[in-house]
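In the part that follows, the structures are each spelled out as structure tokens.
One chain, subunit A, appears in both complexes that follow, with subunit B as partner in the first and subunit C in the second.
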Partner chain A sequence: MATVSTKNLAQAIYESSLGKSGRELDAVVENSVRMIASRNMIGKSTDILTQLQLIMDKDTKTVRATITSSHFLSKKNTDIIEKELKKRYTAEQVELTMKEDEKLINGLRIEVGDEIIDLSLAHQIGQLQDYLLKN
Partner chain B sequence: MSELITSFHIELSSIISQVVTFIATFIVLYFLVIKPLKVLMSEREDKISKGLSDARHNEEMLSSTKREYDEVLARARAEAHTIFQDAKNEAEEEKKKMLVQAGVEVETMINNGKKRLEGDKARMVEEAKREIVSLVVRATEKLLESHKDETFTDKAVSKVKNL
Partner chain C sequence: MTKNTIVENLRKQIEKFQAESKAEKVGHVIEVFDGIARVSGLSDLKASEMVTFESGATGVALNLDEDSIGVIVLDNFIHIKEGDSVAATGRILEVPVSDAQIGRVLNAIGKPIDGKGDVKATKSYPIEKVASGVMSRQGVDQPVATGIKAIDALIPIGRGQRELIIGDRQTGKTAIAIDTILNQKGQDMICVYVSIGQKDSKLRKLQTRLEEGGAMDYTVIVSAGASEPAALSYIAPYTGVSIAEYFMDQGKDVLIIYDDLSKHAVAYREISLLLRRPPGREAYPGDVFYLHSRLLERACRKNKEYGGGSITALPIIETQAGDISAYIPTNVISITDGQIFLETDLFYKGIRPAVNVGNSVSRVGSSAQIKAMKKVAGTLKLDLAQFRELEAFSQFGSDLDESTKRQLERGRRAVEVLKQPQYAPVATVKQVVTLYALVKGYLDEVPLEKIKEFEAGLADYTERNAKDFYKDVTEKKMWTDESEASLKKAIEDFKTSFK
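Entry: the complex of A and B
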């Protein structure tokens, strides 16, 4: 049996579920699970789900971002960030996950995939530390 | 003549017999004593002569041997002197080399020591710098924590627009 990458498998599942709902979608899901089990890829189910999420996000032009701030962000600020992220990544939807971390001291950090936008005071202090050590 | 013979009571017959006796005795003595004695003396003389010749030859040999011995001794002395000089020169060369080597080693050790000292010094300075920077950063953190700028997050959000 030929080996299939998690990405290809996720793509196949996604394409077979397109435009389906209710019982049809349930059947697709059931078949997908059987295929994964028959190929002994149950252990890779997390990877498959991640790939499926990425494919769906790409297709629906959704950006997932994690915003970590030193304290609770106001609705106004969250809206601004959401708007800017839509513009930056030409996305139609933005899924935000909010976190709080006192270690940031002040400010916030935005993570989108591999990209990190660090606007925290802790980061600035870190930069100051690096500058002082280098000079 | 007859008077003379008479006055001295010389008897001719007696004289003749004595002469004959003498000759006979002489002949006997000649063959039995003188001739063997002469042969013996001749052999003896040859022996002595040979002995002298051998002695001279031996003396010459001795002298030649002595000369050879002296020559060999002189050559050996010269050779020993050369060997000694060579060994001395070699030892001098070795000594010079060792001195140069020791000099190089000492210089290397000094340089290594200097480098190590410089490295230690640089490390110490670096550690002190790190310590000072760490203290400054911690003090800054404490200061900023105690005097939080409420508008910092708003400013940070406005920066998102300019990214």
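Entry: the complex of A and C
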């Protein structure tokens, strides 16, 4: 049996479920689970779901961002961040996950996929340290 | 310095500092094992780009797969953990290059390991570089004097040539390389010795020998020891050639020795298998030929418009039980411009250097030989081959005619003359004198066991009494009829007095 990557499997599940709802969607889900089981890939179901999420996000132009800040951010601030992210990634939807970390001292860090925008004070201090050591 | 001055200096420095906040691509370690890390993310990473791990270790991206990146770790990988962040540096793997590296022992990434302090380098060269193009090159026409009679006379090497030294273990491969480096003193040549997967004790011995011979004044040693990860053995020759290119770009002639490429191929096989690249013959990956061809192609002689520098490469290959038809030996034989084949049998017969003249060849070297040497050594290779055939044949019977006996005697003397102890390179002009005496039959009556003594005495005597000949060969690279007459007279005089 030819090997199928989790990405290919997720793509196939996504395409076969497009425009379907109710019983039809249930049937697609059932068939998908059967196929995953027949290929002995149940152990990779987390990977398949992650890939499925990525494919869906790409199609629906959704950006998932993790915001880590030194203190709680107000709704006003998160709205500004959301707006900026929509503009930067030409996204229609932004899903934010908020985290707090005192180690940042002040400011915040935004993580989108493998991209990090570090606006924290801790990062700037690190840069200053490198600068002073180099010069 | 007072407290206030320190504070003032710091303030001045800080005033110039400007914090940058830009988006950075970051990856995460999925798994790490045996000097290899698999990393997720870093979607914009380039091939051979350097990355830094959270632990401070550096690595190089070798495999750019769809979902992950295969990184070879250049430092200790013990402190790298799963989930650690990995940052791209935006720089292709490069090594510092500087004139101050001469006389130093460096590791595979160009950092000194000889305990003599840092090397201040202002420039960096990428370790992977496309070799010089056709239009910037020039034919090989200048000799590299190795000081070894058997090589300079029979398998001459030219500046810009790639000559393979091949043989079993303990046949004197490294000895030829060291003798060649020792003989470059005063010859306007920079030497780079790349040690790949060798024992540290062997390297230390070699370094001491070079220091004793004054050769470290023009030599750089690049070392990836046997205890270091395979990744370092893999990049060491490229680091060496980048340093060599730095000197070549200044118009200098450089000699680079890769000791040895068999271990380099083994290191690359290890990395490739760990990166799950498909194995081919003898489990080497499919691009093992390209691994060596791209390295050796960087040896060249540049024409005057491009500075006129050169890189002469002497790669070393260790064979198993004299099998030169194995995968890596045949690859490197086909890439290089000739090979010096060393044999265990000859070595134990006392013929040292144990060069098998029949299997050794230099494809471009004869055009780089000086005229005088060409004249005396012209028929020597053929004579030796005929001697070996006759010698084998003569073992069956004792009834030999006079001319065959003469030929055998001459052959035995030729073999004796080509024997040479280690660390005793001979100047080209002295080689010419010895070979002249041999081919003109002056050695025919000298007893075999006294040949070495005769040779040494002759070199000293002629140096004093045939000065014209020495001057002509050194300066004009060829003798005149008058200087030849003076040499003949000197040889005859010496022969009469020799007992």
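Heads up, the rule we're going with is that the second predicted complex is superposed on the first by the 135 of 135 C-alpha atoms of A that agree within 3 Å, B and C clash if a C-alpha of one lies under 4 Å from a C-alpha of the other, contacts with A are read in each partner's own complex, and residues count from 1 in each chain.
As a working rule, a residue touches a chain if its C-beta (ideal position, glycine included) is under 8 Å from a C-beta of that chain, and two chains touch if they have at least 3 such contacts.
Note that the coordinates shown come from a computational prediction; the quantities given were computed from them, not determined experimentally.
Contacts of A:7 after superposition on the shared chain: subunit C is touched, whereas subunit B is not. Between subunit B and subunit C, B contacts the larger number of subunit A residues. With both structures placed on the common chain, the touch criterion links A:105 to subunit B but leaves subunit C unconnected.
Once the two complexes are overlaid on the shared chain, A:128 sits against subunit B and subunit C alike.
In the superposition on chain A, contact is made by A:117 with both subunit B and subunit C.
By the touch criterion stated above, A:69 is placed in contact with subunit B alone, subunit C being left untouched.
Note: residues 117, 119, 128, 132 of subunit A belong to the subunit B contact set and to the subunit C contact set alike, using the contact criterion stated above. Residues of subunit A that touch subunit B in their complex: 69-71, 73, 77, 80-81, 84, 88, 105-108, 110, 117, 119-122, 125, 128-129, 132-133. Subunit A contributes residues 5, 7, 113-119, 123-124, 127-128, 131-132, 135 to its touches with subunit C in the complex. The touching residues of subunit B, counted against subunit A in their complex, run 129-130, 133-134, 136-137, 140-141, 144-145, 148-149, 152-154, 156-161, 163.
The touching residues of subunit C, when paired with subunit A in their complex, are 10, 13-14, 17, 19-27, 40-43, 66-67.
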